[in-house]
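Here come two complexes built around chain A, the first alongside chain B, the second alongside chain C.
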Partner chain A sequence: MFISARAAHGTCVFLLLLAVLAGCGGSARTDGADPKVTSLGSIEVTAKLVDIIGEFPPNDLYDYAYVLKYEVMQTHRGEAPKTIYVGQYNPLKPRAEAADARSGEIGGNVTAFHAGEVHRIALEVPIDDYCMVGIINKYAEQTQEPIYWAVWTNRVVQ
Partner chain B sequence: MFRFVVAVCFLGIAAVVHAAEAPANEAVAALAQEIAGKGWIVYSARSDNGTWDLFLSRPDGSSVRNITNTPDYEEAAARFAPNSTRILYRRLAKGTQINHDQWGFQGELVISKPDGSTAVVVGGEGEFPWASWSEDGKQLVCLEKKGIKIVDLGTKQVVKELPRQGIYQQLFCSPDGKWFCGTANYQNAAWTVVRVSREDGALNVVHVFQNCTPDWCPDSEHIIYSSRPGDQKSNNGYGWTQLWMSNGDGSDAQLIYGEEGFHIYGGQLSPDSQYAMFTKCPNDGGGAESKGALMCVMRMADAPSIGGESPELRSKHANTKNGPVLELTFGWEPHWTYENVGATE
Partner chain C sequence: MAVSRRVQLSLVSIFLLVIFGEGIAQALIELGRGERPQALDLFTRTPNAANLRAYETEMEKTAWSAKALRPVMQYARYAGYGDLGEKALIGRDGWLFYRPGVTFLLEPWPQTAATPMPQEDPLEAIVAFRDALAERGIALLVVPAPGKPSVYPERLSGRVARTRTDVHGPTRTFMERLGEAGVSYVDLFTLYREARIADPDAQLYLARDTHWSPAGLRMAASAVADRIRAEGWVAEGAVVYEEKVVTIQRQGDVLRMVDTPRIAAEFELERVDCQQIIETATGEPYHDDPASPVLVLGDSFLRIYERDEPGSAGFIAHLAREMKQSMASIVSDGGASTLVRQELQRKPELLRGKKLVIWEFVERDLRFGMEGWKLVSLPNTETVAAS
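Moving on to the complex of A and B:
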C-alpha cells in the first residue's frame, strides 16, 4: 500500500499527540495510603500544601527542617486542626532519601514539594520531641501553634 | 635601560613589601614566644595513618605529639576536664566522616588521661550525646531529644533533667556550674545561641540568627561563639562566619575576629582569658569533613581584629586593631589548659 509522505507525517503527528495525551493523564488516582503512612506517627491526615514561603536552603552542609503550611482535608487518625504547620526534614531531598541517623524513620513517595499538591502525611507533635536540627519557620509571626513533624509523606492524586 | 628601570622598581617594591611584613612577622613571633609556655592544647587532626587522632601541643604549636594514634578509629572533639586530669572525646569507627553539625551524636564517648592513656569507653554508639563536663568534672551534661540530662559519672545515673527548650547542639556547662549555653531554635528562630539557668531552667537569648559553636569564657559571664551576620554582600551574599562574644544575658555583643575568605569556628579563650583560639577555614563548616582548618591564636587585647583585606568587614568595624594572629597547624575543635598535662616523665 502506498502512503504519501504528507499522510505519513500526519499519522506520526497524530500518534505523537495520542502518546502525549496519554502521558498527561498518566498519574493514576491514589489516596496515598500504604502500610507506612497508615501506621507510623500518632496522627494521619490528608492535607493540601497551601504554600511554601521562600526557597529551601541547600542542605549539603546543614541539615534542617522547613515548616510548610497545610490545610487538612481529612483526618484519618488522631486529631488535627484545620490548618497545620509541618516541619519537613531536608525538603530538597525526595522523601524516600531523606532519612538519616538523626531523623529517625521518615520517608514517603513525594519527590519534591510544590504548593497546591495534596499529601497523605503521618505526623507527630510537637516537633521538638522528634527533631534536633535547626527549624526554619517563616510562619513564626503568624502563629504560635505547635509545629508538627512529618514522619511519612505520600502524594495524593485526586 | 628600560629593563634596568623596571628591575629597580621591582626591587624597590619588593623591599617595601618585605619591610612591611617584617614587623608583622616579628609581632607574630613575639606572640608565639609569649604563649609557648602557657600550658597545652588538645585538638583533633588527621594523622599519618589517615584517620583523625588527638594531639597535644604547646599553644604555639610546638612539642606536638599524637596521644591516640589509632589507625582503626577516628577520634575528635576532646575537652579537658575542669581540673585537667582527664579528657573526654568521641571515638568513631574508622572511615566515619565527622559531621561538623552532628558530631555530638556520633560515635562512643571516651574518657582518658590527658596524655591519651587509660582510655575508657563510656557507653555505646551514640550514647551520652553531646556529653561535656560539669563544673567539677564529676558529672556529664548531655543533650537528648527529651531534654538536658545531667549524669553522674560514677554511677551513670541521671541525677537531673531539664527541658532542652529547643537547644539542639553544642551544650556546655559554665565553669561555675550555674549555666548552660547551646545552639537552639528559640521562638522559631533557628541557630540562636541561648543561655539556660541550671537551677530553674530559665532561658535567655544571647544572639539570634546564624550563630553556633558557643562556649563559655572562664569568667562564666561571657559566651564566645561563631556568627554569620545576614547583612553581608561578600561571598555572593552568603557572607563569612566571624568570632563574636557577648555577655551571658546577650548584651554587649562584640566582634572578636573576622576575615573575609574564611569562616571562623571553634572559638574559645585561654584559661586566663588573655588569648582567643579559633580555626579559620575557607569552606563553611570548619573542615570537620575534610582535614580541619588552620588553628589560630590572638591576644584578646587586640580584639576586635580583622585579617586580610576584608573590605566589607572593615567598613563595618572601623575600630579594629589588626593584632598579630599566630597560625598553628590544621586541626579541629582545640581546647586549652594551663596545667602541665603534656610534661613527659
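Moving on to the complex of A and C:
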C-alpha cells in the first residue's frame, strides 16, 4: 500500500500527540495529599486497589456503595490492617461529583476506579454508621472484616 | 474515477477526526482541569475486549460532548415522540412509569419446577431465611409490594382502560408458591384491587414516582398489623402516637431517572399530604428502637416519607402506630432481595430479642433485585451477647 510522505508525516504527528498526552498524564507524580484527605475521616491510608469484582450497576434509580478491596501501602493516620474493604459511594461518578445529601461530605480527584491504581483515602469505619444506602459487597461471603467508608479519595501517581 | 490526493487526504483526516477527535478533545479538557486523561487507560491497560469496552463505557458517561448533547437529544425524543428514554414510560393522564416495572409484568419469567428460573430462585432464599429465623424462635412475614403498573394498569395503557383487564402478574404466581411453601405473606395486590373497586379514584400511588402514596402505605401498614395481631406473633405495646399532617412536594423518582431538567420542568411538582407520626408523650417524631421485638427489612418503599421528607411518615412509623411500639429496621434502596440480609449479618445486635421479622420488597425485585437472591446466613447473636 502506498503511503505518501505527507500522510506518513501526519500519522507521526498524530502518534506523537498521543504520546505527549500519555507523557503529560504519566509524569505528574503526586502523593495525593491535600487539605481534605489529610483532615477528613479518622483513618488515612495510601492503598492499592487490588481488584473490582463485577461491574458497577447504574445508579440512575438507586444510590449505592460498592465495596472495593485495597492493599494498604502506608497508613498516615489511625490504624488499618494490610487488606481493607472500602465502600465507595456511587463509584460510576467522579469523586468530585459524587457527594449528595445522602452521602454527606465525600469527594476527591479520582474520576474512575481501575484495579491496580493507588489511592490516598480518608476513611471512616464501620460503613453502616456513615452510609445510608445499599451496600453492594461482593466479598460478603469471603470475609467478615469491617467495611470502611471512603470519605475522600485522591489519585496517587508514583 | 480518479480522486485527487487532496480529496483523499481530506477524507482520511475526517475519518481520523471522527475516530480519535473525541478522545483527544476529552483528554485535552481533562489535562486542562489538572486531571489524568482517561485516554491513558488505552496505554496503561491490556487492550483486551473487556478493557476497551470499559473505556468506551466510561467515555459515554463522562465525555463532554455526551454531557452536552444528551439532554438536547433526550428532550428532542420526548418532544417529538413522547419518548422518555430507556428508563421511563409515559402513561395516561400525566402518569409516569418505571420501565423495568412494566417489563417485569410483561416479559415471560419462568418460575415453576418444570421451567427452572434463569437466576437464583427468590423462594429458595426466602424459605432458607424463614427456616433460619424459626430455629431462633423468630417468625417471618413476607410483604411483596405491588409495582405501580400492577395497581394502575389503566394509567399505562388505554387498552386496559377500555377492557378493564386485571393484571395477573408473576407475583401472584410467586405468592402461590410462598403459600405452598408455608411462608406467611400479606397480599397487598388483593387489598389494593378491592380498594380501587370501592373507589376507582383512590390515589394509592404517586403519579410520577414508583412508590406508594401515604394512603397506600397506611393501608399496607394496617393490613400487616392486622396479620400480626391475628397470628399473635407480637403483642401490642403501650406507646401512644398521634398523626400530624405535613404537606410536601415531590418531583418523583421517574423524572429523576430521566435526568433531563428541561423535561422535568414540564411536569408540576406533586403535592403530597403526609401523616407524620408523633409520640404523644414526648411530642417527638417517631424513631426506631433497635431493641424492638419487630425487625422490618425492606427497600425504598420503606424509605419514602420515613427517611426522606417529611420523615417519620412512612410505612415503618405507621406500623409502629398500629402496633403501639417502635420498630427496628434495615432499609436498602433496591437491595431488599439480598443487601438487607447482608446488612443484618453485619449488625447481629439487631436480631437480639426479636420475635418477628417483616420482609418487604417491591415485586419487580423478584427478578431485578440488586445482587439477586443469594443465600445469606444469619449472624451469630450469641457472640454479641457474650461481648
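Just so we're on the same page, the second predicted complex is superposed on the first by the 131 of 158 C-alpha atoms of A that agree within 3 Å, B and C clash if a C-alpha of one lies under 4 Å from a C-alpha of the other, contacts with A are read in each partner's own complex, and residues count from 1 in each chain.
Note that a contact is a pair of C-beta atoms (placed from the backbone, for glycine too) under 8 Å apart; a residue touches a chain by one contact, two chains touch by 3 or more.
Small disclaimer: the values here were computed from a predicted structure and weren't measured.
Novice: In this superposed model, does chain C or chain B come into contact with more residues of chain A?
Specialist: Counted on chain A, the partner with more touching residues turns out to be C.
Novice: Which of the two partners, first being chain B and second being chain C, lies in contact with A:Asp129: first, second, both, or neither?
Specialist: So A:Asp129 only meets chain B here.
Novice: Once chain A of both complexes is superposed, is A:Asn137 in touch with chain B (first), chain C (second), both, or neither?
Specialist: In the superposed model, A:Asn137 contacts both chain B and chain C.
Novice: Which holds for A:Leu61: it touches chain B only (first), chain C only (second), both, or neither?
Specialist: After superposition on chain A, A:Leu61 lies in contact with both partners, chain B and chain C.
Novice: Which of the two partners, first being chain B and second being chain C, lies in contact with A:Leu92: first, second, both, or neither?
Specialist: Second partner only, chain C.
Novice: Following superposition on chain A, which residues of chain A contact chain B and also contact chain C?
Specialist: 61-64, 128, 132-137, 140
Novice: What does chain B use to touch chain A in their complex?
Specialist: Residues 101-102, 105, 126, 143, 145-146, 164, 166, 168-169, 185, 187-191, 284-285.
Novice: Given the complex with chain C, which residues does chain A contribute to the contact?
Specialist: Interface residues on the chain A side: 4, 6-7, 10, 14, 17-18, 21-22, 24-26, 28, 57, 60-64, 92, 94, 109, 111-112, 114, 126, 128, 132-137, 140-141, 144, 147, 155, 157.
Novice: If you look only at chain C, which of its residues touch chain A in the complex?
Specialist: Residues in contact with chain A: 5, 9, 12-13, 16, 20, 24, 27-28, 30-31, 35-41, 43-45, 58, 61-62, 87, 98, 210, 253, 256-257, 259, 300, 307, 332-335, 339, 342-343, 345-347, 370-371, 374, 376.
Novice: Under the stated contact criterion, what part of chain A meets chain B in this complex?
Specialist: Checking each residue of chain A against chain B gives 61-64, 101-102, 128-137, 139-140.
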